[in-house]
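Each structure below is given as structure tokens.
What follows is subunit A paired twice: with subunit B in the first complex and subunit C in the second.
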Partner chain A sequence: MATGQAQKLAKWALMPSVAALSAWAFIPLALTFYFAFLRYNLQDPDNTGWAGFSNFYYFFKDPFFIKDLINTVLLVAGVIMATVVGGVLLALLLDQRFWGRGIVRLLVISPFFIMPTVSSLVWKNLILHPVFGLTAEIQRWFGFAQPFDWFGKLPLFSVGLIVAWQWLPYAALILLTALQSLDEEQKDAAAMDGANRFNYFRYIVLPHLSRPITVVILIETIFILNTFAEIKVTSVGGFAGNLTYLVFSQLNDANDVGMAAAGGLIAVVLANMVSALLVRLVGKNLET
Partner chain B sequence: MARAQSPRRTLIFTLVGWTVGILMFFPIFWTTVAAFKTESDAYSLPQNFLTTPWTLENFAIVQERSDYVRYVINTTLLVTLSTALALVLAIPAAWSLAFAPRAESSSRLSGWAWIAIMLAAAGVSFVTLYVNDWKVDNFVLGVVLLLLVVAPATLWVWTRNTSGTLLWILSTKMMPPAGALIPIYLIFNRNGLVFRDWGWINLSDFNLMDSLWGMVPLVTLLNLPIFIWMLFTYFKEIPVAILEASRMDGASLWNEITRVLMPMALPGIASTCLLNIILAWNEAFWSLNLTNKYAAPLSFFISEYSSPEGQFWAKLSAASIMAIAPILIIGWFSQRQLVRGLTFGAVK
Partner chain C sequence: MGSITLDHVSKTFGGHTVVPDASLTINDGEFVVFVGPSGCGKSTLLRLIAGLEDVSGGRILLDGRDATTEGPAQRGLAMVFQSYALYPHMTVRQNIGFPLLMAKLDKAEIERKVQDAARILNLGDYLDRKPGQLSGGQRQRVAIGRAIVRAPKAFLFDEPLSNLDAALRINMRLEITELHQQLKTTMVYVTHDQVEAMTMADKIVVLNAGRVEQVGSPLDLYRKPANRFVAGFIGSPKMNFLDGAEAERYRAHSIGIRPEHITPTRDKGRWHGRIGVAEHLGSDVFLHVALDGGLGHLTVRTPGDMAVSHGDEIWLTPDDSRIYRFDKAGLALDHTS
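Our next item is the complex of A and B:
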């Protein structure tokens, strides 16, 4: 598109989106930054002014902060580990030829389309309920008199189970797409060279998957850092809350805007470290 | 694959594959079954799902008790309007990025100069706030301060080269909602940052809380980065030579876009819309925080069942099925496009 008129038009065609996204990205961030240094409590409107770093100080000192930070890391790490390992296995399975593969693919991908509030309540009540749930039923069938109380005893694990169920299809689908782009000739060559199944997987498949696995890890990290509905709806925020939930409860229960903003900034910094890596990776791909 | 597979191997993989598929799908299947049980059967021990008398009453009760139809209307409005708005914004942007790429920044200033300008603007607003004792009681002052911070950044992004702009658009999707929750909450609220009595104008009768006027732009902005990226990858696949040929034949820019480009890009646009419909439909963080009645979508509607009275599983299941069925079907149709939309072109 060499014509000058088109070039000029193209420049302006970009403007509305850039302006809208820029407002969305920078205005809340600037305000969060501003609030994080203020004394600002919705229940105490007269107490205002510069707070220095005290919001951060009290946020760090909040006993929930360390706990929720650990919960955040555990949730992200656990779900990613489960979905990447499970995703590779599922992708390898779906890459085989068998009867009804298309339907199985649909069944496997389905959890990804379920809204988080539905999957939370279904898992909490119908599946993991300690008396009437399906797991309780199965445990009784195996002879356990006292079925395990998942959400009572292991709230973080239960939340992780729900999140992993939702994200496993995503990992599997992306890794499957990558697997299918594996060169047929390479497969045949490996077979001819007498590579056994394990060596074929270890030296051909796994290196081929390393890049998509990185992408899955980065994108899932960004989304799972923000897990919220699963924690709020199952009402385990006090035990298995993460950083996002802590910010929410500072705003909602304590009405402390300054503290909540300080927490929000910490979340932004955490997410930015991951997204910088992802943006770099995507950028490299853009140039080729 | 040219090699033949032994029937035994196929049989084993069929068994394993179906087992795994059924296990993954089982919670959804179980919910569907429970939706047609009577309430006491849903709790009966041991669970029986073959002997239970089927019933449709749960669906009627859900509608009667919590007005399902209203939430469906809200969700549909939210999804359609935000998708339409995102299309209007994203098509020109993606067209510009794909067909008029810039190798160099169009501004004469270097990146460091832009950063210096942004820091200077932030410094000026800092001093202004300091002088005003950290209060912003004046509407105009607030707007000026915000513009001071935001405008340089916007101009910088706007003039960057194409890959720089694209990556910046991607990075806006990475912003954690926890970082934006507080300001958005206060902007939307009555007597918050915007909708209050400013002296010369009284805005305290308005707010954006629990209203589609607030939710639609918000969801649009949430999905806009994915929208632009996906459209960009589809537009990139259209050979420029075809567009040039139409220009040789004397087509105007308008005709070139509407008659040549759009028909070729239509499948891509459709699958972009489908993915974003799914994302908007399932959005939960902002719906749970910013709506509670009038503009509440289905994800909020379901969350109401988290603190129920008495036996409620059959009703919960019926409500869940009604909330997920439409999007599950759309998802099945668009699953092949999902990879493109959710990896930002990093996996091919």
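Our next item is the complex of A and C:
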């Protein structure tokens, strides 16, 4: 009985924050929903009224839609692959005992604290730039007269590189904490059982990491679906744009609020579908 | 096929010497128990034998072959850990079969051996469960199963029963002894429970601060402890020690009397004292007696249900033929009997 009352009280006590959170999530979504069915183009302000589903129709028909959808998927999948594999390797490395480990760990985490716009600028102008960049300098040192133009030739890969650089620390950090929670006696037991280093990794460490890897995949999917700054700052939206970028360009280049809102909704629905699919596929790992 | 020899083995952890110099022979098929107080280096010694730690000096021989530089897998020994160290994501079947998988046996062979082990250990119904779904005793059995499948030269147990409750511990104690009778494989068993040591061992090794204090059969150690440390460690309740004038009478620096070798009486005897706590166990009574004249405290064990209680006066008489005499350094002087 006491618990019943306490639960009731807890419900009431939670109400204000639940209300605030719902409003916070709901109002923008509701407005987007509303705009998506309006004729609402800033270049044609007199043409108003309900648009029915035409905004959605034209968003799908947009010549960039399919390409940007594919880019979105490639970007998410590629970055996750790179950060999970790289994160596991980095975590294994950081788990070793070596001199200056504390400092190195701090340095490894740092990319995560840099704003996407800033890191994009650094990558664009200081590292990958075909004339002033670090990679260009290295290539010239090796005797290439015409250094490789990363953003020109491999725009999506370059964006992925920047995003992966930002997310690698996150993956490594999560996986490192998981590694450290691995019971030392398991290592001893595996050694007694005749497992060499590879088998120890394959049969003991990797299964132990499956749960944190699932978490990394889920979180990264949600965030990387929304990649925008890296594409905008490096000006490769025309080639490596994703759905988020397409929504932006509807609004910014075409000034079509209604179409952008429709695109936003489509993106939300797609993101939810991907997440639901992922949760089904890998979420099993999170049980028990 | 399973003798272990430690030849002047030492172990130092970063300047801190844990095992100064240990020499020991364990014969094939023996059940050897390492006992000693906490932190005395029992686990370290076991891990040195297992190959999980490298020796700082000396040699380890297995069946006469120098195994000092071999890795844990090459030595062909199996270990059961205190926390069991089961692989949590594998089923019982996979756990038990893991050493065989690592030894690259084929599937059918692995399955057959796993079934055999499961039968010996009564684990048949649990093969498809994960360790998290098992009780402490069942986990213990899986750990033992993982050890027996590959027919090791010797088993190493590090306090395998210390996480179990009292009833289960007695059960598993019997099971392990039974297993030893069945397999006749060398077993090295670490514990600080001296009942386990006395009941299970063919040979007990008493360790103190990394030194081997004495090696012998349980009754040897009980009857002829080499020094005061062993005398105090083996036997329950602990041996009583008296020094000063009482020890002088036996021409010793100190004397030891086991609680079960003292006879309490109401009217007369050697020493007079007052009972502090009387612990009635039903079959026995443990009396904690403070002797008059500041001679010290004695624990007395007397069979039956002697009706005594706190504050009673009592006379105590030791069995003179079973008094242990020690010199100044704590070494045993030849037995009075």
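One rule holds in what follows: the second predicted complex is superposed on the first by the 260 of 288 C-alpha atoms of A that agree within 3 Å, B and C clash if a C-alpha of one lies under 4 Å from a C-alpha of the other, contacts with A are read in each partner's own complex, and residues count from 1 in each chain.
Definition applied: a contact is a pair of C-beta atoms (placed from the backbone, for glycine too) under 8 Å apart; a residue touches a chain by one contact, two chains touch by 3 or more.
The structure presented is a predicted model; accordingly, all values stated were derived computationally and were not measured.
Superposition of the two structures on subunit A shows subunit C fitting alongside subunit B with no clash.
Once the two complexes are laid over each other on the shared chain, residue contacts for A:Pro169 go to subunit B alone; subunit C is not touched.
Between the C-alpha centres of subunit B and subunit C, as viewed from that of subunit A, the superposed structures give an angle of 90°, to the nearest 10. Of the two partner chains placed by the overlay, only subunit C lies in contact with A:Pro207; subunit B stays clear of it. By the touch criterion stated above, A:Leu277 is placed in contact with neither subunit B nor subunit C. Residue contacts after overlaying the shared chain place A:Met192 against subunit C, while subunit B stays out of touching range. By the touch criterion stated above, A:Gly264 is placed in contact with subunit B alone, subunit C being left untouched. Ranking subunit B and subunit C by residues of subunit A touched puts B first. By the touch criterion defined above, A:Leu92 lies against neither subunit B nor subunit C after alignment on the C-alpha atoms of chain A. Least inter-chain distance for subunit B and subunit C in the combined superposition, rounded to the nearest angstrom, is 5, based on C-alpha atoms. Residues common to the contacts of subunit A with subunit B and with subunit C across the two structures: 188, 191.
Chain contact summary for the complex, subunit B toward subunit A: residues 1-3, 5, 10, 13-14, 16-18, 20-22, 24-25, 27-28, 30-31, 34, 42-43, 45-47, 89-90, 92-93, 95-97, 99-100, 106, 129, 133-135, 146, 149-150, 153-154, 157-158, 163, 165-167, 169-172, 174-187, 193, 220-221, 224-225, 228, 240, 243, 247, 253, 278, 281-282, 284-285, 288-289, 298-300, 302-303, 305-307, 313, 316-317, 320, 323-324, 327-328, 330-332, 335, 338-339, 342-348. Against subunit B, in their complex, subunit A makes its touches with residues 1, 3, 5-7, 9-11, 13-32, 34-35, 38, 48-50, 90, 93-94, 96-101, 103-123, 125-127, 132, 134, 137, 140-141, 165, 168-170, 173-174, 177-178, 181, 184, 187-188, 191, 211-212, 215, 219, 222, 225-226, 228-229, 232-235, 243-244, 247-248, 251, 257, 260-261, 263-265, 267-268, 270-272, 274-275, 278-279, 281-283, 285-287. Listed in rising order, the residues of subunit C touching subunit A in the complex are 47, 50-52, 71-73, 77-79, 81, 83, 85-90, 98-99, 101-103, 132, 146. Those residues of subunit A whose C-beta lies close enough to touch subunit C in the complex are 183, 185-186, 188-196, 199, 203-204, 207-208, 210, 288.
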